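Each of the next two complexes has chain A plus one other chain: chain B in the first, chain C in the second.
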Partner chain A sequence: MRKLKRMVQIILLPLFLTGCMNIDQHILDDVQLITGAAYEYVDDDTIELTTVFPNHQPDGSVKNETLTTTAILNKENRDKQSLQSEKPMVSGKLEVALYERNTAEKGILELLDTLSRDPSIGANVYMAILDGNPKEVLNKQYGNIDNGIFLSNLIEQNVESGLIHKTNLHIFKYKLYAEGIDPMLPIIEQKEGKLNINAIGLFEEDKLVDQIEQEKFFFMTILLERKGQKDTYALKTKEEKKASIVNIKSVRKYDIPKPMTNSEIKININLKAIIREYNDGTLNKQKIKKVENALKEEIETKSEEMIQQFQEKGIDPLGIGEEVRTRTRQWDQKKWKELYPDIKITVQAKVKIMESGVIE
Partner chain B sequence: MEEKEFQISPFLAFYLVHSVQLGVGVFGFQRTIMKSAGNDAWIAVIGGGIAVSIIIWVMYLLLNKHQKDLIQIHRDLFGKWIGGFLSLIWIIYWLMIGIVVLRSYIEIVQVWLFPMINIIMFSIILLVLVYYCVTGGFQIVTGISFLGVVIPFYIFFTFLYPIEYTHFRNLLPIWNHSLKDVTISTKDMMLGYLGFSTLLIYYPYIKHPKKSQKWAHLGNLLTGVIYLFILIISIGFFSENQINRHTWPTLSLWKIVELPFVERFEYIGITSWVLIILPNICISVWASAKGVHTIFNIKPQKVVVVSVVILLILLGSTIAIEGRENIEKLNKYMSLLGLWLVFVYIPLLTLLSFLLSKIRRRNIEKA
Partner chain C sequence: MKKWRNRRSLFKDKESEIGSPKNTEKDDSLGDLLKQLTLSNDFTQFTYHVNETSLCIGYYTPLIDTEILHRDILPYLKKWESFSSLSSVLPIEEVILTADAATIQENLLKGYIFIFDVNNLKQVCLVKAGVERTRQVSLPEVEFSVVGPKESFVEALDTNINLVRKRLPMPELTIKEMIIGKLSKTRVSVLYIEGIANKENVNTVIQRLSDLDFDQIMDSSYITQLIQDNQNSPFPQLIDTERPDRIASELGEGKVAILVDGAPHGLIGPTTIFEFFYAFEDYYLNWAVASFFRLVRFFAVLFSILVTPLYVAVLTYHYELIPKDLVSTLVTSRSAIPLPPILEAIILELAIELLREAGARLPTKVGQTIGIVGGIVIGTASVEAGLTSNVLLIIVALAALASFTTPVYQMGNTIRLIRFPFLLMAHYLGLIGVAVSFCFLLIHLLRLSSLGRPFLEPFYPVRVQDLKDSLIRLPFSMQSKRPIQEQTEDTMRFNPKKAKEKHDSKRI
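What follows is the complex of A and B.
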């Protein structure tokens, strides 16, 4: 009996003590969940931070709201915004971080600190570059949700359907710190009242230096991943005639016979695709053959063109340097940076059209 | 040898060895070992595991010969005073393991979950549980270590989430670091395996202790496999310069986990980890309490007093040590002491014990 009494005491003690632990509670209804943040340098050190959060209306709809303040630090901005807000602002639900174009060109390393240091911010926050003034762009409502979630859905949906490369905070940081690969981020612009991803921004370290346009997204995605799927491309077959192609399975292989020398690097792409739409009459075997050849040529020339563009700028978003690094024991980042612009890099494609839909 | 009714089955040595090895070290070991060996750090994990296995073998040589715990061996070999002094160093070391584990865990809770948490309350709650286990006797401690391995095992499957983002090419090229770098890294990795030396004190509690050797090695193997698994994923997931910026890379791995019902997986992960560190603290506190009992010949009935004193020391040091810098320092001292005791002192002691018995035998023959 005495033993039992002692047991009960021991078990009950922690239950009472837990109340004294001084743990901060955040009740969902009592906090302002920031879903998006946009940064713009207004002068050399001062940042204008625009935060987006949802305002849940009594009828169940969501209104987009924003707050904008300027300060040197992000958290300083947060405090300033809290002074304007009815509920405390918390960043645990941050979905998207936007950087104004000029800010991105200036470098975003310092702005990344707040995202990496704060344990409540996840690694799968999407990052993007914004063409235009963040305050103006984010003030408008684009969907029936707040803009943070809207933008995150916009990027997520396009990553999943294979139109743009995989991207998030972790991937950006990985590439930023890795030797032999440079980061890239989608560029979002506002056009006729809609938001759209119109280019992919290429970084040299943390600075935006170049971009590639929509037509080249397809080549970017198949060159970037070892295995690709779902990317689409509209191939020009004749004047005004096109074929829409979907990548069923693509495999990319590097052929680097002599790493860390200026000998040729070959990138082999093996693409299996289907045709979704064709506007030049019926599709017979010869025409499919023609499409195959045209696509092969297009991939080779466009990709090489793109890689040449990268080499001229001295950037390496495809991670060719990383492929070299993992193939040699003589890796030296400095030496590689000198070698890189002059290396001959060729792309060889093998294209096979598997199917062409339910009609001929 | 202890009385039969207090003894445990030999296979439980597996859980005892493994659960005391795996603690808070898992959260940050990548950074320390990758500092010198980079992408070859996995060799260091295997190397460290093998080194520890050799030491376990040496420990069994010593223990099987004497069939006593370390404190009694000390007394036999060096007499009451010197032996007692040496035993005291070991007790301080085991106690330090407990302090380091508890303090580092609380630090993680402070940084990752609740910065304002009341450390005193948190430690008291945990230590009440430890008190219950320790005063319950060794069988309860063994039970806790069994549960502490089995229940939270699901946590290791969550490290499969980051695989979507891993670049396993980062492991290549193999062996692009010098032997010296890998050796330094192996030395750093051995710290992750520390704690198994408590075997020296619970050895008499194992039924047919010779049979338990196999299980002790297997326990060590499981620790190695878990370290290797997490390290390989970390090497693929992070770039080398990136990992150097993270204090707890393993926790940063969880930042990528996305589950429909929880936004931040760390909250589940870190709280589950209590079950992993609980046997750690229990075993180290039990080992020091048992050591104190044997050195000072305290009656078993006084277990409550000894445990309370030890737990108060634990609580006091946990509260007194504050800040990243001091915790790091404590960690450094503990690991340095552990490294010398386990990898230098134990083999020397074993050698000495065999030499001494040879000399004594010769003396007897002469006489």
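What follows is the complex of A and C.
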């Protein structure tokens, strides 16, 4: 009898608990999935937020749609947009966050708050700087998908093929808060109706201060990653003659004999590459040797040039400071900032062409 | 139970009322018996005159072989001299002389014929002339295998024991028989190999069987439900199999088997959950192939339990988890559907259950048609009508398919059942609900035991040695030890060193 009573209690309990089960549901097709967001400061405090979301057509195709509102807070913007939308706007599927160039130059720290604080947004959201008016750029349809996914695919594809550095919200925030390294973000522009990663923006703290152009992406990636592969470079051998080189394996090593002093810092690069295209007659051993030497020269001069540019601006996207920090107990960020512009940093490269194809 | 007893006592009262007190006590009971017997129309009784004596012969017509009566009994009765010489006259080994009414009744029901002298009711002769009408040993249908023997148990206990014993021709194979069921009087045999099987296991089975108080045992599945450790668990804790080779092999591992008269399935215990995912064909295939299939089966089960709940949980709560390339497919397939994911899933799951149930109850040929009509027509129509999404249709169909990969039918049913609590929890709590249900499932399995032996062995408790034949099956040369699970008296199956030797070089 007691057992029976107990059973009845156990059965009844869940019935009384149904009120506690009132968990917020987000049924996939009843929410508006924001896939991309672009931020622009219209004045000192007001943000213009343009969100991109897909409109799935019954035939399977996707129409790109955008909403633009202005407000001081981002979530305020989202609420304003929900008022214009047939379904509640949710940000859990956010794939890419874009910052207008002038906004990025002003600093994006305050705009990052909404991405970091919202638990439904992952740390693998891609970030980029947009050259142009977000409203206009995002309103156009670029592929068979909505622009959020399109941009995310664009960046992802280029990161995976090694053409640009690894980037996402997590990496950006790490570099932002870490001592001795500054963040970078790809800059996307719209050119003749196509989106295009045309440069990499360099940040000092959270402000965009400089950029490096497409031609230097190769040096950037081999300097940035301890081990790299797959990125390509078109080396000029003569006037109008070039050799396309693919990085098979690059190893970067820092040689810092006396950290936290003015002494020289050496960056050694050991590159193994193949020639994929060559348009200067037949390719023989001497020519390969020449290409090797030319590439070595190129890497050393261009890299050093680039590093000099960084030093002049006082930014450190390569994380040289971080390398120093790992080698010393006397790390002091202020002191390092004073030292950094005057340190002699040299790049030494070793290049080996492993393969040049089987063309006679 | 009380009611039943009352009824029996009522019977007794009637009997005593009817009985007439004119003859001796024995005559009285025999007369009563005869009266009771003739109430049933299938009881035949006639007098047969031999040498001035009249013999009364009686039997239950459906239970005896009339050919035996005509060929082996009636002609020999001519040589009748005295009652006691009957046993030497009749060419039948089992002739019983008795006067006890209870014995007579019992044996008549087993297919005996009674013969007695009308003038002398003190002795009744019982002659065995029973016939067993069973079907031929046929192909296994539930546990069919492409390779290996294709005999399966039938409904006759003796045939079944014969099928096992011919695979284990050894005196140590011991069979303990008992009668269970007040009404059905079912013969139940416990099989084990003396010297290998653990005494404790054997005694547990025998004790549980002999303590049973039940009226009818119609099949071995009654026994499973009555003697398994946890009777409320949806998980069967004894394997039922229709393959005599499986029973013989598991007896050799030190397990105990139960065969029930009238049941074409034998029971094996103690067992573990993993054994429910072994097809016996695994032992007929190369070990690598067999291991692969076992893993496939095991993942199929996990898939079958988890995939629909995951679909419901993710679509209801965790849209963040959907890969960006899949969002478009899912949203498009769901956009026309007015129902929330849980209803959609339950409708489809129930539809599949209906199809299965309809297919199982109908004759084979109609069943196939129903399967096709239901599967294709209803499936396509429900997608087109916008009741379910085609993604879910695929998922549910795959899950149903996966649940049929379990070689033991009972386990397949269990798996289909436990999907539903998972589904509901997925709807209430999302992925946490799935995790909570999985915890409950795991705890339940951890607490289960089969004849007192752990059900999740060799994973809990961890017995590395028994892993050789669990999720994967290692080659025979590595299976030299009997499973620890069975706690056998003789742990070695064979000498592992000798098993690996091939004396080819010596032959030349």
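Criterion: the second predicted complex is superposed on the first by the 339 of 360 C-alpha atoms of A that agree within 3 Å, B and C clash if a C-alpha of one lies under 4 Å from a C-alpha of the other, contacts with A are read in each partner's own complex, and residues count from 1 in each chain.
Criterion: contacts are C-beta pairs under 8 Å (C-beta built on N, C-alpha and C of every residue); 3 or more make two chains touch, one makes a residue touch a chain.
All values derive from a computational prediction rather than experimental measurement.
Engineer: On the A-aligned overlay, A:Glu239 touches which partner chain: chain B = first, chain C = second, or both, or neither?
Structural biologist: In the superposition, A:Glu239 touches no partner, neither chain B nor chain C.
Engineer: Tell me which partner A:Asp43 touches in the superposition: chain B (first), chain C (second), both or neither.
Structural biologist: A:Asp43 sits against neither chain B nor chain C.
Engineer: Once the shared chain is lined up, is A:Glu323 touching chain B (first), chain C (second), both, or neither of them?
Structural biologist: first
Engineer: Which partner chains sit in contact with A:Asp29 here, chain B, chain C, both or neither? Use first/second/both/neither.
Structural biologist: second
Engineer: By the touch definition at the top of the document, which applies to A:Gly122: first (chain B), second (chain C), both, or neither?
Structural biologist: It touches chain B and chain C both.
Engineer: Which chain, chain B or chain C, ends up touching more residues of chain A in the combined arrangement?
Structural biologist: The partner making contact with more of chain A's residues is B.
Engineer: Where does A:Val90 make contact in the superposed view: on chain B (first), on chain C (second), on both, or on neither?
Structural biologist: Second partner only.
Engineer: Going by the contact rule set out at the top, does A:Glu179 touch chain B (first), chain C (second), both, or neither?
Structural biologist: first
Engineer: Of the two partner chains, chain B (first) and chain C (second), which one does A:Ile10 touch, if any: first, second, both, or neither?
Structural biologist: Touch status of A:Ile10: first partner only.
Engineer: Contacts for A:Glu192 in the overlay, against chain B (first) and chain C (second): which applies, first, second, both or neither?
Structural biologist: Neither partner.
Engineer: On chain A, what residues does chain B touch that chain C touches as well?
Structural biologist: After superposing on chain A, chain A residues 21, 23, 92-93, 120, 122 contact both chain B and chain C.
Engineer: Touching residues of chain C toward chain A in the complex: what are they?
Structural biologist: Within the complex, chain C contacts chain A at residues 314-317, 319-320, 322, 324, 327-328, 330-332, 334-337, 340-341, 428-430.
Engineer: Hey, which residues of chain A end up touching chain B in the complex?
Structural biologist: 10, 13-14, 17-18, 20-24, 92-93, 116, 119-120, 122-124, 170-171, 173-179, 322-323, 326-329, 331
Engineer: Please name which positions on chain A make contact with chain C in the complex.
Structural biologist: Where chain A meets chain C, its residues are 21, 23, 25-29, 31, 33, 35, 54, 56-58, 60, 62, 90, 92-93, 95, 120, 122, 145, 149, 152.
Engineer: Write out the stretch or stretches of chain B touching chain A in their complex.
Structural biologist: 111-118, 121-122, 124-125, 128-129, 131-132, 165, 167, 169-170, 172-173, 176, 237-242, 245, 252, 255-256, 258, 263-264, 266
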